[in-house]
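Two complexes are shown next, each including chain A; its partner changes from chain B in the first to chain C in the second.
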Partner chain A sequence: MAAESVLIVGGGPAGLEAARLLADIGTPVTLVEKRAELGGMPIAERYAALTHGFRDAESMINNMVGAVSASPLVDVRLGASVVEAEGEAGAFRVTVAKEGNGAGEVVEAGAVILATGFQHFDPGRETQTYGYYEYPDVITLSDAEGMLKDDVFLKANGDKPERVAFIQCVGSRDRQIGNEYCSKVCCGISSKLAIEVRERLPDTKCFIFYIDMRMYGFWENEIYWPAQEKHHVQYVKGIVTEVIKKGERLLIRGEDTTMGRPVEVPMDIVVLAVGMEPSRGTRDLAKVFGVKQNQYRFIEVPHDALDPVATSVPGVFVAGAAAGPKDLDDTMGMAGAAAIKAAAWIRKVVTAA
Partner chain B sequence: MPRPLEEQKVIQSAVKEKDELIVDGMDISGHWNRMFGQRVIFDYSVEYLEKVAALDGGESLGWCYGCAKCTGVCPIDIVGDYSPRKIHRRTQTGVDLFTSEDLWLCTTCMNCLRVCPKEVDMIQIMPAVRERAVLDGSVPDELQKAFEDTAKFGNPLGQPQRKRAAWAKNAEVPVPIMACLNGDGPADVLWYVGSYPSYHPRGIDASLAAARIFNALGVNFAILGKEEKDDGDTQRLAGETGLFEMLAEHNIEVFNKYEWGTLVVTGPHEYNAFNNEYSKLGFERPVLHYTQFLAERLHDLKPLLKESVEARVTFHDPCYLGRHNGEYDAPRELLRAIPGLELVEMGRCRENGYCCGGGGGGMWLDSFTQDHTRMRLSERRVREAVEYEADILAVCCPFEVSRFEDAAKSTGNDQLKVLDILELLDHSMQGGKR
Partner chain C sequence: MGLFADKYPDVSYEEKLRLWDEVKADARFPDYLYGCYECGICVSACPSARFYDFSPRKIAQAAAREDIELIYEQMNDDVWNCSQCFSCNRCPRQNSPGGVITVLREVAVNNGLKSAAQALEGYSRIVYKIMGTGTQVSPDMLQPDAFPDWGPQVKQVSDELDLWRRALPPETLHTTKASWQVDERTLIELYLIWYNTGVMDMIANVDEGLNLILSDVMEEMLEEAGYEI
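Up next is the complex of A and B:
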């Protein structure tokens, strides 16, 4: 017996968008979210402005949450996880368990969309020595997002920073760490954060140390160029190798590659541009549904160029960063594609039955 | 905190230096510390970058994203260690451009801006920063002398103003002066001769040729004589904005005093000045470079070019006629009209033409440039002309004749002749007579 609803796992931007679109075309949705609230990383990690567009993350994401929560066709399960799945396309039987409640409830679904997202790279695993866990003024991109959201971008001792260094590619493009891929968004997010710092603290100098600036498409002229030209963010080619505590400040050491000279410059705050890794949910759910993962444990998309939302299991689709590093634009596009493909599966099966 | 080892100063006077020091056959004479310069960058002071960016015209220095396309076409980098990208990076690492020798090496040839994806505009940046350096009195002596001579005599050669038309005495053809036209005016053409064509012996050769050509064509022209002063644009690009304004004001006043149809100039720098800079001060009249003026009259000119000039000729595009103003064809049309002449193009020509080194103040910074580069740009260019087996290097900018002739000598290429296109046309017109 074919089920008419779609199960979406993950209530971040991808899951929210897919749920909203399915409801719009009259397809019932069960939306399972492990956290106690919807919104995903932008809400949980307290992002300041969205990349790109610079619009306030909380209000933008909450608009999406509101639309989904208000829809009678979307059954939202918060604080819940998918622990078991059986059946096949058209007739999945999925066990959804509430946090701390072992029993679980079986939900029927004709198709599944995995929107379980990513987690930030843990800078404690870096091969360089940036001292994230030693020095309070060494922070990550998401720490910086939270500080800017609170509108307080200060050193741990409360002083205003004179200089802020962003170090790109932390945990990305690294064979030793095992993340050989580019995380795709960090160049843009660092540049966006540097703009936000410069807007709030015009006397604070921002430096971005990079291997390659990867500002594809309009990010180039919407983020990178204004950061440099309007906000005077300084870009320096060559990655900082280590951070050393020196008095109240942080000494960054590396090579200024275009000058061909060593660098030892004091900074006040060092922001590590940590990349993306598959979230715990992505890794677990891939197993539950038996979908193939790539070597980095993101969900594998067998024909990614022309079908970026298919997985190795028919009827199970993927949207957003569960399939690899994605920006919000990619994520929204994938959510739309996954929604329509899931709906098409159900109609095909229902019509055939 | 103790200073880092690298920052610890050595008392210079305590170091004994030998004038000549040869170790194992290797000459290591020179300042003891030249090979052991500061390695570590201890600070990124963006103070100077901000200071440049704050200047009107200086903002684009900070736009550089380091692609280095400029370095590939910068004429200076081939003979030295210099390009807009390098200037940006040095400034970004705390080098004070306002007092750096880098400030005076740019000839404003504009090849960098032609290829720059970010439109980092050295043609605006250099004059802006130099203007400040000039105000601070931080100017190389020889350039300062050219400024002072221009202010005093109305020309950078330091020649008396009243003798500006003295060259015309040897023309053997009439060279009317506006102020003396009496009832014969108005003139169809006001010929602005320029400083080097008025005073420099090799510039005068071109002026004499021009006078003969204009006469042969029956052009109704006149010059300004002692009322003419240097256009001042190169001084402006070298940082003397005040001097430029003074000269522009004078020249515009003189231009407006007389009735004439077209302003024809000998030099590309004057062409640029009157077309692009004087127009900002309200002077908006038709201006032609002589190559354009004559190319328009090829129909009349061609029958006069009777004598064959059997030579392999290559042409050096002046930066201020070509890249700055987009005129590449008129000079070539004139050269092709000369019977017997074989025109060969050098690898660097037209849009990518090399620079003679004279623009942007380079004309008056020869010794300074010599100290900071491996060879003169003119020497580099002459070598290229020789590489293309040219007998004659043809030019149409008054800065170039003397520069290239000197360079031909200093590089041991005396066989290469340097001639203004005016001289070549005149040769063809006069034949054995000259």
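Up next is the complex of A and C:
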């Protein structure tokens, strides 16, 4: 039986934006979110400020959540997962199960948008080079976001850090780990975090150890230039080889490649710029809907530039980081494209029939 | 503390920081340095970089990073390899590594760094000539001892100096003692500028003997012209 509503899986920025847009054009939406609240990673991982304008992440994402929650056309299912799907475009029958409750409810949908996102690379997954699980002062980007959200950026022992090092490309651009892609946002996020640290702790020096700085478009003069010119964040081309505990501090070893000199200096906090991997939800949902995944298990699209939201299954679309590493700019654009494609599919297959 | 081993551990961090603060306090400095991409466009444009182990990029990098120890190291060494041609000004960030070097050199001289005195030792004759006569390098200064870095052809030129000079058509350039004659009034104005802008103090910081000789020449002329020094 044909259905006029769209099922969106994932209540992060991509799912929220797609739901809002579909409701705006009068298309009913069922929004399924595994977590107990909407907002996705920025809320769940407690991000501090969003890039572009350094505005508070929580309030900006909550604006999106508010618009969706208030819409009579969006049926939000929290703490729920999609466990089974059958049917085809125009008439999907999807089983949605509440957390801890085996019996599922069948939801009918004319089209589906997968907005199941990413997870941060686990820096202890394959290599312990940087001692993430050994040393409390080795943290990840998302740990740093949470600390800055609480407005407290201190060592584990409560001391103020004199020197903070960011190590880029942890779990990205690495053939040995298997993630050969660039995670796209970490250069900007590290630079943004370094600015936030320098604003709070002007006596704390921040170093960013990088392979290439990838600061697209306006991130250049919104983040990269001010980080260097106004906040004196120090960029060093060269990746840290290892982190060693030395007394109360962390000794880092690497090379300053442009200066042509080895580096072996103490740091107080080391922030690992962990990249993106497909989330558990993305991997599971790809199987449930039978959509093709690429070699990194992100959802495969026909063409990353020209057809970025279609999948191998007609009527099933993808938005945001479920399809690969994306920044919020990409995610919003994809959400809009997925929303209109899903709506168009319903008009073509369901309404016209 | 910077990223590298300190090459001047006998000089205190506070002293190095004091000199760097003096560099940053220079009114020109904010226009000379923004941030560095480490792209190397300045190095590829730099004539000195072709002949010496010298990189305007590293000057900009160290300054942008505020690496106090490295800046002190450069202030004692690298900055004297720059020919101050400002080819490096083609920077996409609008830095002027050559301008940063100008300021670093001035701070080195004003603070009497031994390395500055050593670097400028070979220039005493030139400074004396310029400041004493108001003219540029004159042909008779093209001697192997004054310009060893010009290579063996300096000797060839200096041996036949009169002949080379006669080969130049303009009558006025047949002298080998001066580039041109500077009139007395101009010279007095130059002397006054050098006294009043602290140039004489800079000379004293790097070469006391030269300062004494120049003072003799200049003060006599200024007194005759009715100026009290």
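A few remarks follow.
Following the convention adopted for this analysis, the second predicted complex is superposed on the first by the 349 of 353 C-alpha atoms of A that agree within 3 Å, B and C clash if a C-alpha of one lies under 4 Å from a C-alpha of the other, contacts with A are read in each partner's own complex, and residues count from 1 in each chain.
One rule holds for everything that comes next: contacts are C-beta pairs under 8 Å (C-beta built on N, C-alpha and C of every residue); 3 or more make two chains touch, one makes a residue touch a chain.
Since this is a predicted model, take the numbers as computed values, not measurements.
Superposition model on chain A: chain B and chain C are shown in a clashing arrangement. In the superposed pair of complexes, A:K237 makes contact with chain B and with chain C alike. In the superposed model, A:G247 makes contact with chain B only, not with chain C. Of the two partner chains, chain B and chain C are each touched by A:Q228.
The larger set of touched chain A residues comes from B, when the choice is between chain B and chain C.
After overlaying the two complexes on the shared chain, residue contacts for A:R175 are found with neither chain B nor chain C. Listed for chain B are the stretches 19-27, 73-81 or 325-333, of which 73-81 clashes with chain C, judged after superposition on chain A.
Counting contacts by the rule stated earlier, residues 207, 224-225, 228-229, 232, 234-237, 256, 258-259, 261-263, 265 of chain A appear in both its interface with chain B and its interface with chain C. Chain A contributes residues 207, 224-225, 228-229, 232, 234-237, 256, 258-259, 261-263, 265 to its touches with chain C in the complex.
Remark: chain B residues 1, 4, 39-44, 46, 49-50, 53, 59, 62-63, 65-66, 85, 89-90, 92-93, 118 touch chain A in the complex. Touching chain A in their complex are the following residues of chain C: 1-4, 34-36, 38, 57-58, 61, 64-67, 93. Residues of chain A touching chain B in their complex: 163, 205, 207, 213, 224-225, 228-229, 232, 234-237, 247, 256, 258-259, 261-265.
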